[in-house]
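So the structure is just underneath, and the comments pick up after that.
Each chain gets a letter, A, B, C and D, in the order it is written, and its residues are counted from 1.
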Amino acid sequence: MLTMSSVSKSFLGARVLHGVSLDLKQGEIHALVGENGAGKSTLMKVLAGEYAPDEGTITLDGTARAFSHPVQAQAAGIALIHQEFALLPYRTVAENVFLGREPVRRGLVDRRAMERRTAELLAELDETGIDPRAQVGELSVARQQTVEIVKALAASDVRVLVMDEPTAPLADHEVGLLYALIRRLAARGIGILYISHRLREVFDLSQRITVLKDGRKVAALTTAETSPDEVVRAMVGRELHSYYPPRAEPGEIGEPLLTVTDAGNERLAGIGLTLRAGEVTGVAGLQGSGRTSLVRALFGAAPFTHGRMTVAGRSLLPGSPRQAIRGGIALVTEDRKAEGLALRQSVRDNALLVTRAVAGVGTRGVGELLDRVALRSRGQDQEVRYLSGGNQQKVVIAKWLAARPRVLLFDEPTRGVDVGAKSAIHTLVRELAREGLAVLIVSSELPELIGMSDRILVMADGTLVGELPAGAAEEDVMRLATGDTAGPYEESAA
Amino acid sequence: MSEATTTNPAVRAFRRLGTGAPVYALLVVLLAALALTDPGFYEPDSFLAFVKRAAPLVILAAGQYLVIVSGGFDLSVGAVVTAGVVAGAEFYGSYPDAPWLLVTVGLLVAGAVVGLANGLITTRLRVPSFITTLGMMLILEGAVFYWTGGSPKGVLPQSFREFGRGTAGGWLPWAVPACVVVGAAAVWLMRSDFGRTLVATGDSERAAALAGVRVPRVRTLAFVLSGAAAALAAVLVAGFSGVSAQAGRGLEFEAITAVVLGGVLLGGGRGSVVAAMAGAFSLQALFTLLNLQGVSGALESTVQGVIVIAAVGLGATGRPGLNRLRRHRSQPSGGTS
Amino acid sequence: MTAVPGGTAAPVATRRPTVLGRVRLGDPVVAVWLAALAVTLVGWIVVTADGGDFMTRSTVTGILQNSVALGLVAVGQSVVILTGSLDLSVAYLVSLGTLVAAEMMQSGSVLTAVLAVLALSAAVGVANGLIVTGLKVNAFIATLGMAFILRGYIEDTYTGPAGQVPASFRRLGYDRIGFLPVSVLLLIAVTVVAWLITRRTRVGHHMYATGGDEHAARLSGVRTGRTVVLAHVLCSLCVGAAALFLAARLGAGAPWAGTDARYDLESIAAVVLGGTALAGGRGGVTGTLGGVLVLSVLDSVFNQLAVDPFFKNVVRGVVIIAAVALYARPRSDRATGRPRRGGRGRPGRGGAPGTPRQEQSA
Amino acid sequence: SSDVPEDGLVGDATASEPAQNSGAESKFFDPADYERQLALAGTTPQGPADKPWEQMLSPEMTDTSQYAKQGGAKDVHLCFSNAGVFNPWRQVGLKSMQAEVELHDEITDFTVLDAQGKDDKQISDIQELSGQDCDALIVSPNTTATLTPAVEEACGKVPVIVFDRGVETDCGVTFISPVGGYAYGAAAADFLVDEVDKGGKIVALRISPGVDVLENRWAAAKRAFDEAGLEVAEVKFTDGDPSKTKSIVTDAIARHGTVDGVWMDSGATAVAAVEAFEDAGEDVPPITGEDQQDFLQAWKDKDLTAVAPTYPTFQWRTPVIAALRVLGGQEVPKQWILPQPVVTRENFDSYYKEGMPPLHYGACGCEELPGYPGDWGGE
């Protein structure tokens, strides 16, 4: 149905795509994988008319197409759901869905029709819980994503739906819901191009896999006939054997560095936990269970209102990030671009931000730190917005290492990070623990959480509901997180 | 892997020039045009006189830069200048023998207090600084004229005016070293930890706050410094030309224009203070040139408007890379989050 | 979709907001109209206590009459501001508009004069819009530059009040129906049109979208450039209407009509008083009208109390800051925690090309 | 209903305000008016010599009995629509007016509405005041042409007294003003013509284009310079900004080597011009200014060769006096032309008053008023 052949694209002389070809069948789910910066998003933007290709052709249903604006691609039935949301938080669902093609009656926008049609589309997808008149900003992230999909479907008779990392902001159970939605769409004959860094999803969903590396197509595989290892090998160009570094030996776990007793705030209750030197503690939970609230409370960003906490032997219930930092706590936030980095500033300025902001904390030897996190950049003066996601995350980690913390909190540390960088981050986290830091990881990717943690705490409804030992089964975690019943998370990876 | 540590000094120097490059070109062109128009322009006296005239605007631009780069606006600086001049005269009306240093320092402190109010209202009450400082402009103008009943009662003595009017050693106008000192201080400040955190705050307030930056304090301090800079400009203006009830009229717009000419991003997070001050010099050079060229008196402002738009427009479109990024603001690569 | 325990999946939005249900006290539009009411009541009490008579017909007429010019400009200003831009050239355009109107009316017909003023305004709007979108000059600088250009032209061409407006047209400035000046009907008509355009037409939706998130709007197929240009044209047309009204009221063109009244900054003040976000994307013309009313009621009260004109400015400054501080308050508790919207949200992004993305996180 | 004044012919007096721009020069040079003003400046005023604000030049009295208040001018409610107090001249004037009101016990109420420079607001103010129970309305119009309709409307309701800038209607009881812009400009220019040799270079500093009074001043001066063969080396607009003035004069000195005389259309920036010469190390050439205290002070301290025509602030007293006369049924001139003194070396001491603030105006006629000098900021 769709064929892209020999597509090339350069930015300012830098070649990003080298003659990439791709084809998609009706009703097929086709996965596109590759490292950060491999060119996946760029290829899709070419397809969706956002970029004009330097070379190459796009053929849809046998006719050659050249799009110079996204609207033309949409009209032809190609819809792209961006890696980043393109929704207006202060407008209603219906207004967002019909943005750019509002139905008009007698010169005026027909709100009724718009809302009715949106409700119909939502109903078709079984998403009846969303009010077309609700403000998008007040919806949960998962629902916002549904709105994005509905928006794409409303655009036209969609033939091809491109989804660029749709699961990145979702928690596991929501991923299941998205799966169902995607399958329904495919069953209707829509061809789906699916980009993800989570191989498990790729194997769950897709029929075929195309692997990009450095702007080249390096493999075209049939899912049923390949294995994750083969895909990874194609992506990184080498063998990545063990996904996770070895866990801590019992002897490596030392003193408690952070203890919390009976703490809480408006979103958390009865929190009690201990983080020990040398240990990686994982926190599992469903979306909205309070994991982010927990780490933000520990870090003083949304402080505990009551309770006791000691850090490295001293009593400290941080009321602001500054106090937490002085106490030796660091937080790698889940929203790296908005909360972790000053994007227009250089690598160096970002790495030194904490040290400069909080007098008396940390080191100024940036070079070693950047080597330590294995940053790949064009130099310390490069603005971080030009770095790939994985490298941006490394800068964030370097920033905290510069502050010489005792306790490191990670909220979704590998979200949107490719396999190569991911395993580098995993190795680094383990090394840091080994050097005597206490580490806490929040992750919505259960395999990662289980693979990394020496111990897993499970949260539900703003409180800790249980603790599981290293290597616990995913089912056990989900059971605790959802309160006994087996979670809606379908099909664990084989 | 260790590419990160290799940094070419030449590349670095060029980058530093980076965002400001168009303004330096503009300044060179204007200065060359001045030389052609008035061959005597580069005689020491005449050039120093030019710098002296530019000094208040340069100092205002340096202060304004601090506020803009941290993500705000300061529309109150013109009113601070007017209020400073009038209040100084009013004060001398009551205490004709007050030592000049005391009055100068008093004005600087008062300017800083105005900045403090701007900063606290903006950061604590979360009023956009455009509105805060617009309101402050009304308040200051209203209050100072209300207080003085429309015109100040005193005369500014020579001792006070010496700073803006007189020369050191008979040839160097005091305003020139003042300007140099402010410039050097601003450069030093921007290279200091404070300066870096200030820019980072303008870039991403949330990221800065989570990195332990006391965002309200940092931003407030930028307003305080801008207020003090405006007060210093007031002292220079008062010295240069004496009491006037409209000493600072329009200076806020001139200062902002200068900063934008210098390639500083309105909204914060990018731009150099040196370029901002170069923007002020360019603007003053433009005024001088228009005056010398004798463009039909009234059309002067038309020419000025066209040149400013053109300079900023060319600066923006002349850098394709930046421009595209500004339009798309998309992150070229990288993950989601 | 079935509800998933523990998640956010519980149906949140089944409520169908009724008309009344949508009226929230925290909504700036409602707040500013309530504030206008409150200022009127307080003013009434204070003036009465002072021995004056506030609610007379002539005072009411005066308040309404004094709202017209600023109201027209501010309605236009709201349109550009909510598109994420800004217009600092309005004051000079008002001046030039009165001059062109009065001169053309003296030498030609009223109709050609009206058309000429509107054409001139549209041209200035197009120029502003193109400089902002095409040359990518920040709106602040672009329109400030335009202000300078207009100023030079006015000063070069005119040497004082010029032209003459025939009595027939001056009725626009003076006629009343009972206590209601007809010019208020003009203001209401312009506001209704602006409201319809911004709220009920496609391009209006695109204005909100462009102001809210230009990038997102562009990706959705909105021609953001055109939208911004159109917003500037609309703004300038409103300014043209203000100029026509002033010409009718003044009977002649006045080179200082716009600048002396500081319509540039006053209109922005009225817009933010009315609850429109300076960053764009939120607010609207109805709130602006409330903001204008607050300002002119205040003026009238000060008049009655014979408050020193300098002191008036102090109060105005305080009122503007205080009002915006009040609007900012309900949002501040959200800002302390993490933002709830846009899980994949990128760092705050300004609106149209020219917009300063200042104090996003506030 | 309509508030449009009946005849509605606003710009009828287009003789003095041609709408077409055939060049500022000719537009603002009305030979008849010019001759008339120069002649007036030479005549001796009627009235008490020590009270110039009560004097009048070539008055043509009109009968005002129709406005007379029953029982004479008692319990008078006087109203004043002020254009604004946006410059020191108006501030000094308003104080003088208020003090004048205090002199008269028969005025029980004095309502002032300030239009803050907005024509639109002043129209409303006038409407509002004429709707109140004012016995007489004083108007100081913001702009000549634009306030005409409002004043005409008010004329139908109360006796209206206009002063300072005029309006293009004679419906008011009286219009009070000094001789005018031509006389001012000519007085200053004639001084330079006397002091500067033929061929000398004159720098003319003007506030801003487009203000009719100021244009008249310049038109008269230009004529005088042309006739006397003085070279006008520069004509520059200063915006009333001393900094800009100083820059302009400094540049002019640098460019022309010498400047032989400085003409100014108003005084606010005179001291800055003087200082520009000082700072450049040049002698201050013959210079014209205004009766503002700072200039008089500089004149005295530096022993300048100077002259200061005035646009006297004492004219603010006259409307109150006129109002009381009208309400008392006394005659007033239709056009009450006040003398327009020129400060010269000879009469300097009667205008320069020690201890007054820098932005005070010497010809305020306020020395005998209650509250002087404190209320005017003096000591």
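Brief remarks on what is shown
One rule holds for everything that comes next: a residue touches a chain if its C-beta (ideal position, glycine included) is under 8 Å from a C-beta of that chain, and two chains touch if they have at least 3 such contacts.
Fair warning: this is a prediction, and the values are worked out from it, not measured in the lab.
Note on connectivity: the fewest steps through touching chains from chain A to chain D is 2. With each centre defined as the average position of its C-alpha atoms, the distance from chain A to chain B rounds to 42 Å. Centre-to-centre, using mean CA coordinates, chain A is 41 Å away from chain C. Inter-chain spacing, taken between the CA centroids of chain B and chain D, is 38 Å. Separating the CA-averaged centres of chain B and chain C is a span of 29 Å. Looking at chain D, one finds that residues 85, 209 touch two or more other chains. The set of chain A residues touching two or more other chains comprises 83-84, 168-169, 301, 335, 337-339, 343. Counting only residues that touch two or more partner chains, chain C has 155-156, 215, 310, 312, 344, 346-347. You'll find the chains touch as A-B, A-C, B-C, B-D, C-D. Residues 131, 135-138, 140-142, 144-149, 151-153, 155-156, 215, 265, 268-269, 272, 278-279, 308, 310-318, 320-321, 324-325, 328-329, 331-332, 335, 344, 346-347, 349-350, 353, 355-362 of chain C touch chain B in their complex. Residues of chain C touching chain A in their complex: 1-2, 4-9, 11-17, 196, 200-202, 204-206, 208-209, 212-213, 215-217, 219-222, 281-282, 336-348. Interface of chain C with chain D (complex): residues 56, 58-59, 61-62, 65-66, 69, 102-103, 106-107, 154-167, 170-171, 173-178, 246, 249-252, 254-257, 260-261, 299, 303, 306, 309-310, 312. Looking at the complex, you find that chain D touches chain C at residues 1-4, 7-11, 14, 17, 19, 21, 24, 27-28, 84-85, 111-114, 116-121, 123-125, 127-128, 131-132, 142-149, 153, 208-212, 215.
For chain D in complex with chain B, the residues that touch the partner chain are 85, 87-88, 91-92, 95, 209, 234-237, 239-243, 245-248, 250-251, 254-255, 268, 271-272, 275, 279, 294, 297, 357-360, 377-379.
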